[in-house]
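Sharing a structure here in structure tokens format.
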């Protein structure tokens, strides 16, 4: 027969969360890493020195946070002196683009809705908020503009790639390859892969079709973007961590703390 | 080979209830549904549970096992830590009828609100032609076995009862995407999806995808594309302009 | 007059699988006030389990295919015991039914030309199964369900029809109960369409779900309608046997087609010991030749593992009975030692996942246990081919519950077509019958009251038996004595055992109250399980030959005399009476189709 201890007699006594696994671990990690990234990024764009490992250390590496360089306060492969009147850190100028793209990104939305807003913190764990309207009202309705952030971010991986190529120049006419160049290339590709997996981009480039056979080229593009989209989360994290790492590396080289090893 | 396990099964009805503990045998290779059936056959003949195929194909035996929405027939006993009690509760989002059986009529009501497939006329020879690549996206959504685990886990209605009026849930928003992507369909359900069935309420936290026993990419392939189609329709001046020009051209 | 919920309809369809939904759609379209009454939630019926496809001679892949070829394949598969007119209608109309599904939103796999793709299957001359991967049944039921919902047809879900009610000899209503509340509901209706599926739950090992308790067969028989050929039960040779949670679930024939072999516990490839005379000339007799066949079909003969289903099932059965079975009463199906893991995963993805996810068994790593599983009943309600009408006015039957279409053995892919073709015909005919019926039939209230009282008796008794143990005993009896191989003594034993179980069933007790009480539901289902079990056993005892889904150890050959008759079951008072009724005569122009040699 049933051992039959009736734990809770009447309604409302069922615990709201019955999960027994470490459901809080993932949101906690997300919280720590994202917060850490925000703090570090804020510091780095407001610390406008050592973001360029220049001729003094025999290199041409520009931190991705400061790229492209469009003020007269920075240097790099992609230096266009467009806003010479800009009085503040050049990093602040470039910051909005990746912020807009990542903040409205479908993947990051999941990540911060879960880990920061706790809505919900994990599956089948109660929402921390009493009422909920999702993305149906201001300000979250603006998330619908993600595709415009996608349009704006498209030049960036290309600029970063160009910057990395420029970094191969070790003084006038001499070419070489340092560890820093490899880091710059990897960073450019990671941002590129993350961008190529964009859900909005995937829709615009082909997903909007109902019959793929009516647009074979768009279908091909959609298929390729789908491959990146499958790992959008992975590219989102690796590109995020790597951009900070790239910045750290360049700062260390620029400030002379470490020497950038030349590979050949 | 068999073990004694402790199952904490929620029992009760519309008036309320609670967890009952059963000490029951679990044999090698069994799934949670087998053990529930053993309780039913030997200790509680009137224990209510829904099930049909017991092969993960019909989507009847949805429940929350140790708090996670799962199919009981697809959850092997060997996946649990020995010695620990296993809780089995009915789906939280739907009103309990009795024990593990819930009133899922919300889903059938929502299904009625979606306008049916409306095909364009067939080809001149009376046949209909579609390339395999044109049907593959919707075919993925048609793998759905209507277990309603996605509906159950979605916090929009799980934690906010009032949203049941204007949020159809992942299963039926996916159904709209399926019809919208159907190469022969002529309907336009985008205004419905936005204004009455609640796609803007989705905050893409992906729990629907996580619990789907058919491994359908509900969020990435159905809900987000639906959101993007809503953007096309309401928020994108470029698409709007393009449509205007094409209509004139 | 009982104070219960009441509804009035022209047509009540019992069951919401492929046949029931298709029937309801047609009845509704024909203007009848139609209701669907089903045991489970809408969309959960057993049709979802169908994998292969819908056999229909559309000629999308082979333009040579046409209804005549399909008709001939069906008749040959059924060992000529089929109702020829049903087989003909089925072959003629299946293509239109498939196209209709597409019209309602079904998304079949496509050919290169963009048409519905068709695949090969056992017994079909040409590739003709319209399919969606290996989930055709799901696609079909979802399409029909969505169609029915969009038409606004009334659906009574989790509502079980308990008894049919007649006015004189014709149908007048159906008494049902809500599974949720246990309350009764009376449907006054002019016509009833039975679409309740099969009887698999009378057997211990089955690929069928709990719903398959022979409800429609019993409702028909109790109402005075005839059943035919109940002895023909299809056992699929390869079902999963271990672990217990998956016992009976199908293992597709392709595992053997792609190189899998059967071994007993001694490791012997035993099928070589079971090659019957008639297949000797086309079956390899050495392992070397059998193994060469996979690469060279021309110069080698087929491995004996690919003999017809009944032969393989019989061989497995003999090995197990001789003590050479596996620990859990099956034999080994071994593909792991013969093909690379990559090859297996590529060729048999769904099988690989089925074992991996349901059983935690890796079929690429080691041999796994399989054994025969009860799959389908060919016998059923005797119907008129064109209208699906039973022998009782106002009572119709379509799908697995109807008999005749498949003769003594069903071909794969013919069941889904059957549901659509005869579901539609039943819906049409029932609506027409209802429209032509003048006055509403009368329901005798006293009868309703009495039926309700009887149905509630298990609650009032105490100290009786548990319905679950009775069901288990019945399944055990049927499995051991009326299974794949039958003999007179065992069948007689079974009939006696079923009789005793019936006595005990009158005394079952259930705990708790009427609200969603599976114990009580089973107590009521036991009546139909016992009814169909007895019918199967009695028909099997009478048919002294082996044919299709009926194998007699004591009469191992087909008998030309038995090729001419259907066993016809009818209720006489409390007794079940079986007589042999001649098959309908096939017209000469169809007979000529069988004269030319098979190509």
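To keep things simple, chains are lettered A, B and C as they appear, and every chain counts its residues starting from 1.
Keep this in mind: contacts are C-beta pairs under 8 Å (C-beta built on N, C-alpha and C of every residue); 3 or more make two chains touch, one makes a residue touch a chain.
Here the structure is a predicted model, which means the values were calculated and not measured.
Each chain gets a centre from its C-alpha atoms; the one nearest the centre of all protein C-alpha atoms is B.
Seen from the C-alpha centroid of chain C, the farthest chain centroid is that of A. The distance from the centre of chain B to the centre of chain C, each centre being the mean of the chain's C-alpha atoms, comes to 29 Å.
The distance from the centre of chain A to the centre of chain B, each centre being the mean of the chain's C-alpha atoms, comes to 31 Å. Chain C has its Cα centroid 56 Å from the Cα centroid of chain A. Annotation for chain B: residues 44, 130-131, 182 touch two or more other chains. Chain contacts: chain A has no residue touching two or more partner chains. Contact residues of chain B toward chain C in the complex are 13, 27-31, 33-34, 40-42, 44-60, 73-74, 76, 78, 97-99, 101, 103-104, 108, 111-112, 115-117, 119, 127-132, 135, 138-139, 142-146, 179, 182.
Only residues 40-46, 48-49, 99, 102-105, 107-110, 113-115, 132-133, 135, 138-139, 142, 146-147, 149-150, 157, 180, 209-211, 242-246, 249, 354, 357-360, 466-469, 472, 510-513, 515-520 of chain C touch chain B when the two sit together in their complex.
For chain B in complex with chain A, the residues that touch the partner chain are 6, 8, 10, 12, 15-23, 43-44, 64, 66-69, 84, 87, 89, 92, 130-131, 133-134, 153, 155-156, 158-160, 162-163, 180-183, 185, 198, 200-207, 210-211, 219-220, 224-225, 227-232, 234-236.
Against chain B, the residues of chain A that register as touching in their complex are 1-14, 17-21, 106, 109-110, 113-114, 119-120, 123-124, 126-127, 131-136, 140-141, 144-147, 199-200, 203-204, 207-208, 210-213, 219, 229-230, 232.
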